[in-house]
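The chains carry the letters A, B and C, assigned in the order they are written, with residues numbered from 1 in each.
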Amino acid sequence: MILTLEMKKLKRTGFLPTIFLGSLFACAFPLANTALRPELFVQQELPATEILLNANGQMLSMVNLLLTVLGACILYHTEFSGSGIKKMNTLPVSQDLLFFHKTLLLLLGLAAAVLLESCCLGFCAVHWFPSEEMLPLHLAQHTGYAFFLLVPAALLMMLIALSFENMWVTLGVGVICIFVSTMIPTDTAILGYFPFVLPFWRFFDIQDKETLLLSLCICLAEILVLMFVEILLQKLRRKLS
Amino acid sequence: MNTIIETHNLTKRYKDFTAVNKINLHIQKGRIYGFLGPNGAGKSTTMKMFLGLTAPTSGSFSVNGKTYPKDRREILRETGSFIESPAYYGNLTGEENLQIIQQILKLPKSSVKEVLELTGLYEHRRRPVSKYSLGMKQRLGLAGALMGHPPVLILDEPTNGLDPAGIHEIRTLIRSLPEKYNCTVLVSSHLLSEIELMADDIGILNHGRLLFEGTLTELKTHAHELGYPSENLEEVFLSMIGEDNLKRGGRK
Amino acid sequence: MTYIQLVKTELTKLRRSHIFWILLAPVILLWIPSFLNADINFEATGISPENNFFIQSYLGFTWFMFPASLVVCTVLLTQSERTNKGLQKMLSLPVNPQLFCLAKFTILLLLAAFQLLLMGAAYFPTAMIVSHMQNYSMVLPVSLVLKESCLLYLSAIPMAALYWMLAVCIHTPVFSIGAGLASIVPSMLLINTKVWFAYPVSYPIYTLMILRGTMENSFRSFVMDPIPWIPVSIGMTLVFLAVSCITFGRYERR
C-alpha cells in the first residue's frame, strides 16, 4: 500500500521524466560515439560489449550517478517543500518503512535506466558487431552487476536527502560526491569501495573470481550498513526533535 | 466526568530554555478545550508532544488511556491533527493529498469527499495545493485532521490566516464537532475572544506554565476573586498574563 | 536605473547567500588530493613534474568543478529572485527587464572570475608546500598561471551564457541543474571530435588541452584555430543571451 502512496506522491514532481530523459541521454553516448567513428571500434579483438563499455562505460556510470542524486533530491524535496513529512509524522505509519519504499522507487527507476542503457548497448552491438555470439550473456552480466553496484550509492544518497531539509544541500553534497569519485580510480584500496566509486567498476575489467566476489560482498555489506544507519538516524531524529 | 487527555508534570526543555514547565492538564471527553496563551507560551510544543513530534524532557501524558512512547502509533491512529502552518504536498491536488491520509488510515474512499465538502474545498479538489490560497491550505489541513472522525482532535490555531467569514465558518464547524462525531477537541489560540466563542473549558498558558484551568464560568469567578475586571474576559486574560510576567521579573 | 546601478544592487543581493562557500568548497576539495598525491607527478613521462602538477589539478577543475559551480550559481541567482516573489517586486519597479537580466549575467561572470581567482590563489601556496615536501620546485611562473587563467576565463563565457539561458528558461530548479550537470558529462568526449567548437561546455577544457599539448611531448596536440571557433562562440553567446533576455521575467508577467 505504501508503495502506491509513494508513487502517487511523485505525480508532477518530474521524477519519471528525469529518469527517462536521463537514460535517453545516456543512450546517446554509445550510439553517437560508435556511429561517428565506427572504424575505431569494429577492428578491436574483444567482445562487443567490452569494446562498447570501454568507450562509454564511464559516461554511463556518471549519468546513472547523476540520476541517483537528482532522483533522491526529487523524492525528498516533495516531502520537505510543503512540510508534507510533518503530516506523515502525525499519521500511524513507520518512518523507516516510508524511507525504504522511497528508496525502492528510486531503485526501480535506476533499474529501468540501466536496462534501457543495456538495450542501447545491445542495439549498438547487433548493428556494428553482427558476428558477436555471446552478446545476451555478456549484456545480462553487465546489467546485473552495474545495477547491484549502484544500490549503495542510491541508499547513501537517500540518506543524505533525508538528513537535509534544504534540497540544495543534498544536491551539493551529491555533486561533490560524484566529482570526488570520478577522481578516484576503482583499484584504489579502500577508497575504491566508496559507494559512489562502486558504480564505476565494470564486470569485464575484473580478471579473477575472488575480486568479483569481494566486490559483491562489499557492496552487500555497504547496503546492510546503510540500512542500519537509516534506522539509527530516524531514532536519533525522533529523540532530538 | 472522564478525562481523555491527561498530563503529569509534563516538561519540555531546550538547553537552557524551558518551553513547557510541569503542566498538568485534564481534558474532558466530548468537550472543546481551548488552549490559550500568547505567542511562544508553549501551546504548540505541548500539542507536538501529544503527537510524538517532540519527546517530553520529563513528565508523562496519556491520550484515551494510551501512554507515550509505548502506544505512539495507537495515539496517532485515534488523533486527528493540524499543527502550525499547513503541511501538504504542493505538487498534488487537494484530493490527492487527502487520499494519502485516507489510505494510511485505511478509511473508505468516501471519507475524502465527505471532508472536502465539510470544509468547502470540494470544487477546488482537482487543483494542485501549491496554487491554493493560504485560507484554502488551512482548510485542507483541517480536512486532513477530520478524516475518519477521530475521537481526539488536536488543532493548533486553525483559524490563522482566514478571513472573518472563514473564521466564522471554521468556528461553527469546530463547535459542531463534539455533537456530530462524538469527539474531543483541543484547540489553541492566542485570542481569548476566539476561544470564548468555541470552548467549553479553558487552559491558560504563559511561559510554559499553566496559569488557569477550568470552565469559562470558573474563569470569571476566579478573576473576580483575584480582583480582576471580570466583565471583559480579554482583560482578565491580559491581566493574568501581565501579572505573571511581573512575578517572573519581566516587563508587563 | 543604469546598468552599473543594477549590477550594484545585484551585488548587494548576494549578501548572506553563502555563495562564497559554494565557490570556495570545490577549490579546496580539489587541492587536497593534488596535495596528497603530489609524488605521482614524478612518475609521469614526457612532462615535467611541475607542469604535470599544474595540468592535473586544473584539469579536474575545468572539466567538472568549474562548470558545476557555474550551474549552481546560475540556479542560485534565479531562485533567489523566484522564491518569495522578489522578481515580481523588481518587475513592478521601473526597471528594464532586459537590462536587469544582463546585470544578473554580469554577476555570474564576476562570480566565475572570482572562482578562477580563488583557484589561482590556492595554487601558489599549495605548489610551494609541495615543493618543500618533495624538494623540487613545483611553482610555475606567475605570468603563465595568470595567462592561462585569463584564457580559461574568456573561453568560459559562452558556457556561462549557456547555463544562464538554461536557468532562465527552465523553471524547475532540479531540472535546470540536472540539464546543466548532464551537459558537463560529454565535454571530455567531444573535445576529441571535429565538432568540439559547437559545444561551449568543452571550450575551457579544450583551452587547457592546448597548454597540455605544449607541455607534454607524447600528448596529442590540440590546435588553436580561431576560425571557426571565435565566430561560432561569439554567435552562440549572443543567441544564448538574447534568448535569456527575452524569456527573463516572462513567467512572472503572465
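The rule is short, and it goes like this: a residue touches a chain if its C-beta (ideal position, glycine included) is under 8 Å from a C-beta of that chain, and two chains touch if they have at least 3 such contacts.
Quick caveat, the model's predicted, so the values are computed rather than measured.
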| item | value |
| --- | --- |
| Selected interface, A-B versus A-C, where C-beta contact pairs are more numerous | A-B |
| Closest chain to the centre of mass proxy, which here is the mean CA position | A |
| Mean-CA-position distance for chain C and chain B (Å) | 52 |
| Whole-Å gap separating chain A and chain C, where each centre is the average of the chain's CA atoms | 27 |
| Centre distance in Å when chain A and chain B are each reduced to the mean of their C-alpha atoms | 44 |
| Junction residues of chain C, two or more chains touched | none |
| Residue numbers on chain B that touch chain A, as the complex places them | 51-55, 73-74, 76-77, 79, 81, 83, 85-92, 96-97, 99-101, 103-105, 128-130, 144 |
| Sites on chain A touched by chain B in the complex | 1, 4-5, 8-9, 11-13, 78-79, 81-87, 89-93, 238-239, 241 |
| Residues on chain C engaged by chain A in the complex (per definition of touch) | 22, 25-26, 29, 33, 60, 64-65, 68, 72, 76, 172-175, 177-178, 181-182, 185-186, 189, 193 |
| In the complex, chain A residues that touch chain C | 14, 18, 22, 25, 29, 33, 36, 59, 62-63, 66, 70, 73-74, 77, 167-168, 171-172, 175-176, 179-180, 182-183 |
